[in-house]
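Chain lettering (A, B and C) follows the sequence in which the chains are written, and residue indices restart at 1 in each chain.
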Amino acid sequence: MSEAAAMTRDSGRESGGAPAADRPLVEARHVVKHFDLGGHFLQRERPTVKALNDVSITIRRGEAFCLVGESGCGKSTLARVVMGLLDPTDGEIRFDGTRIDALGHRARKPFHRRMQMIFQNPYASLNPRRTVQQTLEEPVRFHFPKLSDAEVKAKVEQVMVSVGNDPGWGNRYPHEFSGGQRQRISIARALMVDPDFVVADEPISALDVSIQAQVLNVMMDTRERLDLTYLFITHDLSVVRHFGSRVGVMYLGTLCELADTKTLFETPRHPYTRILLSAIPRVTTEEMQPPGLPGEVPSAMNLPSGCVFHDRCPLANARCSAEVPKPQSQADGTLVACHAVEEGRG
Amino acid sequence: MALLDVRDLVVEFPTRHGTLTALSGISFSVDKGERVGIVGESGAGKSVAAFAILNLLSRPGRIAGGSITFEGQDLTQLSTQRMRAVRGNRISMIFQDPMMTLNPVLTIGTQMIETLKAHRDISEAEARRIAITRLGEVKIPSPEKRLDSYPHELSGGMRQRVVIAIALLTEPALIIADEPTTALDVTIQAEIMSLMLALCKSHGVGLILITHDLAVVSQVTQRVVVLYAGRVVESGETGRVVHNPVHPYTRGLLAALPGEAPPGARLTQIRGTMPSLNAIPEGCPFHPRCDYVQDRCRQAEPALDSLDGHLVRCVRAHELMAGQAA
Amino acid sequence: MNRLAVFFGSDFLYRFRTDPVAVGATVVLGLFVLAAVFAPWLSGMNPHDPAQIDIMNSEIPPVWQDGGAPAFPFGTDAQGRDLLSAILYGLRISITIGIFAVMVQMTLGIVIGLVSGYLGGKVDAFFMRLADIQLSMSTLMLAIVALAVFQAAFGAELFADMAIIMLILVIGIAEWPQYARTIRASVLAERKKEYVEAARVIGLSAPVIMVRHILPNTLSPLLVISTVQVANAIISEAALSFLGLGMPVTKPSLGSLISAGFEYIFSGSWWITTIPAIVLIVLILSINLLGDWLRDVLNPRLYKG
């Protein structure tokens, strides 16, 4: 830990040493996150939201890892646990081989520089009382206190131009910009400190279609140019197909399937993945069909026994309601957590 | 004759900085039982159009010109009293947020029965029976029990189903749905949109679907109207518009969809942003963002041109249609 | 320059200019503040200086009544002080106490509110229960007990010297929960926003996030409370002085002037108590009208003055 800290602290522009290239950049191992809802102090069992239940993912260097799932599946929670915005109830987070979830504030500082985040809501993710210049300078001044004013300003200008923003925006306030422009300012803020890893939590879902394309293009450009690794959280599978190199599909706090993007779209295996894929609206004159997903997502406070998907699954049998399926590796490297797939039922 | 015929509708919002024109003369029609999509990005004026039809514009917005003919009468000329007999009876509305329709302190049953009794002279038991039928039609499990539920006891998807059931209660001729599934997950969206589609067909109800999502429009509607900066820029049969778009804006919107591009390639993007209502460019309002712009586009606003039934507001429509423009 | 231009073109200023009540209240309040600041140059005498007071001039009526003297426009009090001068100096003391007491409240309230709201948990529970307890007792009751004990323990002479500071501290400390609660509510709303998460992602420490990012976004409700709280502090001071626990008669505030004149009200010298009372009422009214207007415009939730 200390050598990792020494390695990156004030190391300037280059991104920290040359660690083994095949070591995964980010790992989440058996992460569990429960939220205590407090409840009444006389209640014996306090209500707990089981947001993540034993989720493991591995993000390789340079890939765009996408997490998809519907609201309440825990994808944003996982992103926040990885970023250290939430503490995991159990499990661990490793970054470049170092366990980071238990680090103190000081020891974590170099990892803050290497891990950045882009948020969903362009209207809430910029402080309304600070100018664009202040917002962008803050991370640089914090992580590179030795840089002179001129160097900081040059850095701001360089990053602003690289994401397609007018560097003359500096003295203006966020409310003067449109959603897409704000989102590009947010991307610039994340890139100010030359991170290795960027988490993007639904970065385009609040934007208009034509603007979504602009922002997505900027993210793809920066990924290639700066050799970034992305964790991209979204509910939009068409964005995943376009942007992602690997995909994890989540349902109710569990990982159902983890596969290469191409494999997932060509041969979806988990029944939930299949239904999700069939529900994507497409530009076609075929009429919209019901996706065949009965009922509703159960409450995360009261999870179904066995496989969390069993009460809505077309392939479920008695084993599914009794036993929690473990992610099983398939021949092509895909991980699928499903008894039906394992038994060849579907 | 068309069920609904909107002609040259102008909607203005007077402010202290001058009058903003949210809709500058839009025209479209809906036939009996026809499903029409109104597509546009935020600020295009698509929701304003819906509110104007129902005479629900928030102050100080007002209809400054044009007519809205529904079942033979001009809605812009109706008294508040007469309008009330149309709204929620002959025309129903479904909003993005189901809580715009549902009253949080009344049970589903009370709201449905009251709506029915307000528009029809029927008994409580009869109203209750109709309510249960409608809830069953929108595939709500055990509808008798659901009548006694409060809105907050239902999930977002279930609430939107209840709203659809309420919209169908009075057997309207037209339903206006403003982004009905935007806040919902894709599986629930598919469930609800396919349900609406089936119900519109079986009841012979006309539908105006207002959305930003061209994919949803293509799978639900028969005709589509594309709005940009308060103007109709393209309209026609849905299949034709989504497969052979002519206007550069419609083309841009479709090309920007990630599902249509090869994975990893850069998406075609429309540069710039939608102009705000107080700064609409001279000439064609789309010209600063258009890849096919010519000098004449900056001079005068083009008229809506008909290419055998497919309407396009672009001076180069014929060239674009023939694939000659560069 | 840019910010100034933004302010002048803003909706805020437009709404101000078009609201006669807001403009009126501001003008009246501005006149009072100017009068207080320039009191030494506006008054005919220094009412705090016994050498300038002539007992022979006592109880001269205001100039518009029979027996009034042009040297004393509002008449004189029982000691022969020029009432106008006494009111101007009293206004000075009242406004000073009001502003400084509010600064004490604000400092305590901001610190406690920020810490409570941002850290939450046990710290929050502790301070909020403390605030509940303090709010359940009236400010005046607390102040009376504190001041009476001080006066009894250290004697009236020392108390007279220390009165201003004591009043500022007592009124300041007694009313911090108002601020702490408002700040806490704003912090709870703000800390959920993504810009705070973004600051945490950068790695900034909690104190920096609180002061640099959250605090500036909680200021508009503060402005509203502050106006109302200045008015409240001036009223509290006047009440305490009226009860003899505030400013001594030798250095009268508006409250002590009202109190001193009270015993003469039925002997015909009505002006000694009535004129300071009218000044106090107009002052409080203008502050409160301005505060109400600010609340309507800025519309912060949760605070009921």
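Here is the rule we go by: a contact is a pair of C-beta atoms (placed from the backbone, for glycine too) under 8 Å apart; a residue touches a chain by one contact, two chains touch by 3 or more.
Just so it is clear, the structure is predicted and the values come from calculations on it, not from any experiment.
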{"item": "Chain contact topology (line, ring, star, complete or other)", "value": "line"}
{"item": "Label of the chain whose CA centroid is most distant from the centroid of subunit B", "value": "C"}
{"item": "Centre-of-Cα separation between subunit B and subunit A, whole angstrom", "value": "33"}
{"item": "Subunit B and subunit C: spacing of chain centres that average the CA atoms, whole Å", "value": "55"}
{"item": "Distance from the mean Cα position of subunit C to that of subunit A, given in whole angstrom", "value": "51"}
{"item": "Contact footprint of subunit A on subunit B as seen in their complex", "value": "41-42, 155, 157-158, 185-191, 193-195, 197, 212-216, 218-220, 238-239, 242-243, 252-261, 263-271, 273-274"}
{"item": "In the complex, subunit A residues that touch subunit C", "value": "80, 83-85, 105, 108-109, 112-113, 115-117, 119-121, 124-130, 138-139, 142-143, 171, 186, 189, 193"}
{"item": "Subunit C residues touching subunit A - in the complex, by the definition given at the top", "value": "2, 193-195, 197-205, 213, 216-217"}
{"item": "Residues of subunit A touching subunit B in the complex", "value": "70-71, 178, 180-181, 208-214, 216-217, 220-221, 235-239, 241-243, 261-262, 275-276, 278-291, 293, 296-297"}
